[in-house]
Amino acid sequence: MKQRFANIARGALPAVAGAAALLAAAPAFAQEGLDTGDTAWMLTSTALVLMMTVPGVALFYSGMVRKKNILATMAQSFVITALVSVLWIVIGYSFAFAGGGDWIGTADALLLRNMTVDSMSGTIPESVFMTFQMTFAIITSALITGAVADRMKFSALLWFTGLWTVLVYAPIAHWVWGGGVLSGLGVLDFAGGTVVHINSGIAALVAAVVLGRRVGFGKENMAPFNVGYTVIGASLLWVGWFGFNAGSAVAANGAAGMALAVTQIATAAAVLGWVAAEWFIHKKPSVLGMATGAVAGLVAITPASGFVGPGGALFIGVIAGIVCFWAATSLKKMLGYDDSLDVFGIHAVGGIVGALLTGVFAVEAIGGTPGLLEGNPGQVLTQLWGVLATIVYCGVVSLVLLLGIRATIGLRVSEEDERAGLDISLHGESLG
Amino acid sequence: MKQRFANIARGALPAVAGAAALLAAAPAFAQEGLDTGDTAWMLTSTALVLMMTVPGVALFYSGMVRKKNILATMAQSFVITALVSVLWIVIGYSFAFAGGGDWIGTADALLLRNMTVDSMSGTIPESVFMTFQMTFAIITSALITGAVADRMKFSALLWFTGLWTVLVYAPIAHWVWGGGVLSGLGVLDFAGGTVVHINSGIAALVAAVVLGRRVGFGKENMAPFNVGYTVIGASLLWVGWFGFNAGSAVAANGAAGMALAVTQIATAAAVLGWVAAEWFIHKKPSVLGMATGAVAGLVAITPASGFVGPGGALFIGVIAGIVCFWAATSLKKMLGYDDSLDVFGIHAVGGIVGALLTGVFAVEAIGGTPGLLEGNPGQVLTQLWGVLATIVYCGVVSLVLLLGIRATIGLRVSEEDERAGLDISLHGESLG
Amino acid sequence: MKQRFANIARGALPAVAGAAALLAAAPAFAQEGLDTGDTAWMLTSTALVLMMTVPGVALFYSGMVRKKNILATMAQSFVITALVSVLWIVIGYSFAFAGGGDWIGTADALLLRNMTVDSMSGTIPESVFMTFQMTFAIITSALITGAVADRMKFSALLWFTGLWTVLVYAPIAHWVWGGGVLSGLGVLDFAGGTVVHINSGIAALVAAVVLGRRVGFGKENMAPFNVGYTVIGASLLWVGWFGFNAGSAVAANGAAGMALAVTQIATAAAVLGWVAAEWFIHKKPSVLGMATGAVAGLVAITPASGFVGPGGALFIGVIAGIVCFWAATSLKKMLGYDDSLDVFGIHAVGGIVGALLTGVFAVEAIGGTPGLLEGNPGQVLTQLWGVLATIVYCGVVSLVLLLGIRATIGLRVSEEDERAGLDISLHGESLG
Amino acid sequence: MKCVMAVIKPFKLDEVRESLLALGASGLTVSEVRGFGRQKGHTEIYRGAEYEVSFVPKLKIEVVIADELEEQVVEAIRASASTGQIGDGKIFVFGIDAAMRIRTGESGAEAL
Amino acid sequence: MKCVMAVIKPFKLDEVRESLLALGASGLTVSEVRGFGRQKGHTEIYRGAEYEVSFVPKLKIEVVIADELEEQVVEAIRASASTGQIGDGKIFVFGIDAAMRIRTGESGAEAL
Amino acid sequence: MKCVMAVIKPFKLDEVRESLLALGASGLTVSEVRGFGRQKGHTEIYRGAEYEVSFVPKLKIEVVIADELEEQVVEAIRASASTGQIGDGKIFVFGIDAAMRIRTGESGAEAL
């Protein structure tokens, strides 16, 4: 639903002004068209989504690595938050949301040059909309780091993240939410199943393959050092995801409320799905599994959260929990890549499950579009197009970027540095 | 105050529509009667209360156990979040809030079958109200786990939690907030002193007694492994409790504001009360004590938060801090039960203190009901009835459930598993 | 901008009532003049700012000390939260915000005696405004503890904090936001560059000097035990700072939105600035540096956040990152004081940088006051007055308080206790 | 002098310490170790990756004593550390040529 | 009996354990230690404060064996722990006078 | 060869290391241990539950040296580890039969 506001964000203030006339009773000093309730919720959502990356993803990921890489893993999320923020205001936001055609935005909002304190985006200030969207760009890049943990050079990570945000994230965000090609096709992606999750998951897979496996992979004990951090991280992701999904309504209304409810339901169901599968197959339900199951559910409900009801959410959750369990445990082993922290298995696979099931369970009365179960099988196909476009574009550009960086400054630290751990070798620090 | 909205939630939409006419200036696409500010605050409150359980309670409790049980303790809060969420939408919400008489709701909202994107509960979408209430059900069950830490079977915990949520929590929530018997009697419980805290505290005591003491209790060193986690957990509980108490106004207004202020005041006072008592008696004020004192204050102000003013809050806080200190240190030793993490001493005792003092300090100008100090001694008696009803019903049904589970699948892990620690024996994981 | 509301908070309810007439369409039970959206955002902001201290500062600081002092460091933030809360309602709020002249408020709001559930402060309940301001008083005192870490007596800390809050914080808050002398002079301090950061930073420097260096300083390895905690703490500070800065608009509007955006931009820029400087000079960008850079950026943008645009924020951030890097690494070594966790280097220096640059980059269209770049060089001088006044008053009174406490109960623990670590010696606890 | 070095189950430490105290031992030193022996470790599975944890947490105790106490000390440790279950641990004895108390410079049996 | 005590690089533990198992050693005890030697530590800088970390993380292995195994065990450890890089560690051997299995009270070589 | 094993107060490590270096010792190995002796531990109270922590954190140093250095090394450790306060620790010496450097296979005193 975000694209509606994106359109408005193209400077179409006059159009809003009309609607704002309805708000005749607003206090005199208020901006025209501004709804303080919607604004309050979007300010909050922005904080929640930022929290998902720092400390959310930082904790979720750093808990799964060995002790010698914990700080370096946190550093990745932290520095990405900084880097992507700056790139977003300089270029990213403009390429994604400043009007434009099917493929990319315009240069109108470079350096936010037209954004004033009064600029509106629907019923909220544009500054809030811009920052809210920034937090999505941040987390998408941060998620990728799970695949390259324990071995990527810090400089290479910065280059990759910077280029990827501008060349991959911004265009795909435009396609789906900026009025671009996928929204034109009717692809449903409420809060970022394709833009955020399939996108980061595919980039992660490519990166894991191009980087190669960690030294000692399959031989040495690489058990997570602090699953506790991972549980805290998953918890903060869960809480923050209310801002991610319900915030994607860009309003504090029934759509946001329903998104909140289905997010909770699908996540809970995915935890139970993963626990059941793991209990059955590995005999013990692990805490890491519960945390991972929650993220799988959150990922899968993301594209669906504005379109399905509680029943659909329940199914999406259970299915995502079980399928992602299979992807992270069996599929990964079969294919043999070393996606250290299962970004592909959770985010790409969970995102695809969610995108397709959105086409199945969409309820017209909720999001305006019926799905397969309401007699609109075409929507599943439409969803498939969205998935495929994202996979192909993201896969190809990510590959080119990674090969280019490998050929120039190199992607990996030396084996010696990898053995010593990135905390010491890249950052000169260590956990006591 | 929640019950007002609960009544409306019984499908009484027409009644709201009238009030909504006042909102003539609302934008055309808004739901009738919806207040975006109230909705924004309730979306936020829902996130805050979820955060109280994961990672709040998870951290608060896991910091107090020995290293070998840290992950298992986190697992309990995490899986309960998932399990109770699903049960809540399937049955719990309906039994608690879908109309009904004195004792229990109806089957009208099973599986949320009547909840649409437009359903309202007062000035907020029903979806938000339902999810907000869900987070209360979650934390209530999660709190109980402190009493059974280090020794309960995971399967037994799931069975107990599931049955208890439906058979104990939902009815008592109905009595107090769903239009049931206790609200009829005029029992004041703004945010859950009886429903959440006495309820979980009594169930915890029963569970501690039925399970028996931990192996090595009183002989081996069972010092908390990471009081740091406990402090972080208590901090997140404190922050999240703003959603819990001020959110229980189900609006962003003066009632919510006053609830926010008194929550802060009572909590601060309880910390100081506990610190003073501990300093005096044990010679050193402990960090664990500060964290526990905060929770004691939060618990005690919970029922009072919509009814008392700053002065009352100050007293309630100090008294709760000192009484809970006594309960967790002296009373527990006297009685000899092993309520591992003092759920009874904090939540039941603090909840009772708060419930009764609500009757003492209630201010008519704030919550509509005068207390003892304003010449209405009867309110204390009314409060007592609420306390007793909760103790008896919760105690009896919890006991039956626990005995039933013990007789069938068993409640405790083997001594060997307990010695090895639940992380390994139940979940196959360990902290590095 | 806070002072506008502060004025209103002086019981000027009638004045508000007029403005409130504009809100004719508000529901009947609402308070006059209350905006639920603004209230929702301020309730949330209060929670966010509380989160900055517990667990934010508690984690940020405790991660930088040695293992034996981790709990004691957390204890400082925690107990300060309690102590300052109580003092704030008893005295502090009244001295800061209850009317008064140039130097100090009045006794009108002692014990909040005139605050009812209906009292308003602008468009929000006074209870919310009071609690929001309380969280600022809390964090200011908590920040100081970084300078005295590892060696201050617990009792001395309580005395110092209590007196300092009433005698230093409350008056300075009055000067800037309570209608006092600095606001009269036109000093711009949107969210607390002088009141919070220069203030705590100067008190910290004085305290570090009066207390003297830690035993073993410069000889023993005092490496941070858990930089991970520091990263989590910095992350929560970052997230919470949205409430700090955007909340200082005391409304959910375009001013809040712009404050949100510039906060994010400056912080990100400061991280990159610090990383670049450290990479260049120490050859490795540290995670601790990233976290510290973020805080430096947050500090520097604090006074500016309601007055500058994205471009100004970018400059302020980069400059703050680099200057604070220099202060924490080189300046500190040159001067030789042991400000354990660099409160002076980050908060005082960053705060001064921010205060002065506010005068440079202020944009009339945003905050109503032009800065140097818009042809108003006088504003920089005005800012300088604000800085100097804060430094002098805070420095002198802090010194007197510290010397007084040293002469009576003493400031430092014994060398033996310091060696054993404050966790054991002050609190009788230890981390496992 | 002899050094009696024992590997025991962690939760037995207090009992062992008390039995040694009863014999008049004036000090002992404990380290956290991991042991491999007849008692097997366990398998941990993290998202499908299985790790064999072959080592079991144990405590190593070192107590230096006068020669004549050797037998009693060994027996005291055995008695107090035994659970009868696999993994109870071992006791090893080796000779100590010299001892010194750092604080006083006393040496030999005086130093203990 | 002899105690073979070796200081090795941590990631070599599994190889060493397997080589000892192959020789018939029935148990061993491992501790985490920090070593100082030719292999130097590193410098950490925290906000300008430089700390020399002179010690490198190592594992210490203790395995008590019958006298006749000494040579093979030393060689097995050497072979399996070696990377050829500085810091590979040392092997030390000293005599054990007595041994006892706590669980059974068996003593001498039987106890191993 | 001799192994000098000393239990010291943790904050004395750097001084001890330097005094040993000055004597020409080429390496040493340190472990974190907990000690029980004349210096008593402390009591911790968690919500009324009192736990006697009888053990005090110490560091154990092991340094293997040529026989002739024994006296100097013992004295160097004593001098550098001493604070004169209770709990300063002990030094024990025992014989080492053989030594080998893993990296090179050198043995005996060469290996140190």
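In order of appearance the chains are A, B, C, D, E and F, and numbering begins at 1 in each one.
Assume contacts are C-beta pairs under 8 Å (C-beta built on N, C-alpha and C of every residue); 3 or more make two chains touch, one makes a residue touch a chain.
For clarity, every value in this text was computed on a predicted model and none was experimentally measured.
Undergrad: Name the pair in C-E, A-E or B-F that forms the same interface as B-D; by residue number, over half of the contact pairs must coincide.
TA: Most of the contact pairs in B-D are shared with A-E.
Undergrad: Using mean C-alpha positions as chain centres, tell me how far chain A is from chain F in Å, no decimals.
TA: Their C-alpha centroids are separated by 52 Å.
Undergrad: Roughly how many whole angstrom separate the Cα centroids of chain E and chain F?
TA: Inter-chain centre distance comes to 17 Å.
Undergrad: Distance between chain A and chain B based on Cα centroids, please, to the nearest Å.
TA: 32
Undergrad: Would you pick out the residues of chain A that each touch at least 2 other chains?
TA: 25-26, 35-38, 40-41, 44, 221, 223-224, 227, 252, 282, 284, 286, 288, 428-430
Undergrad: In chain D, which residues are in touch with two or more of the other chains?
TA: 14, 31-32, 44-46, 53, 94-95
Undergrad: Which chains are in touch, pair by pair?
TA: Chain-chain contacts present: A-B, A-C, A-D, A-E, B-C, B-D, B-F, C-E, C-F, D-E, D-F, E-F.
Undergrad: Given the complex with chain A, which residues does chain C contribute to the contact?
TA: 19, 22-26, 35-38, 40-41, 44, 48, 66-67, 123, 223-228, 231-232, 234-236, 238-240, 242-243, 246, 251-258, 260-261, 264-265, 267-269, 271-272, 275, 282-288, 290-291, 293-294, 310-311, 314, 365-366
Undergrad: Under the touch definition given earlier, write down the residues of chain B that touch chain A in their complex.
TA: Contact set of chain B toward chain A: 24-28, 30-31, 34-41, 43-44, 46-47, 50-51, 54-55, 58-59, 62, 70-72, 74-75, 78-79, 81-83, 85-86, 89, 111-112, 115-119, 124-128, 130-131, 134, 154, 229, 252, 423, 426-432.
Undergrad: Across the complex, what residues on chain E touch chain D?
TA: 1, 3, 14, 17, 26-32, 64, 94-103, 105, 111-112
Undergrad: For chain D, which residues count as touching chain A in their complex?
TA: Counting only chain D, the residues touching chain A are 44-49, 51-53.
Undergrad: Within the complex, which stretch of chain C touches chain F?
TA: So the residues of chain C in touch with chain F come to 216, 219-221, 419, 424, 428-430.
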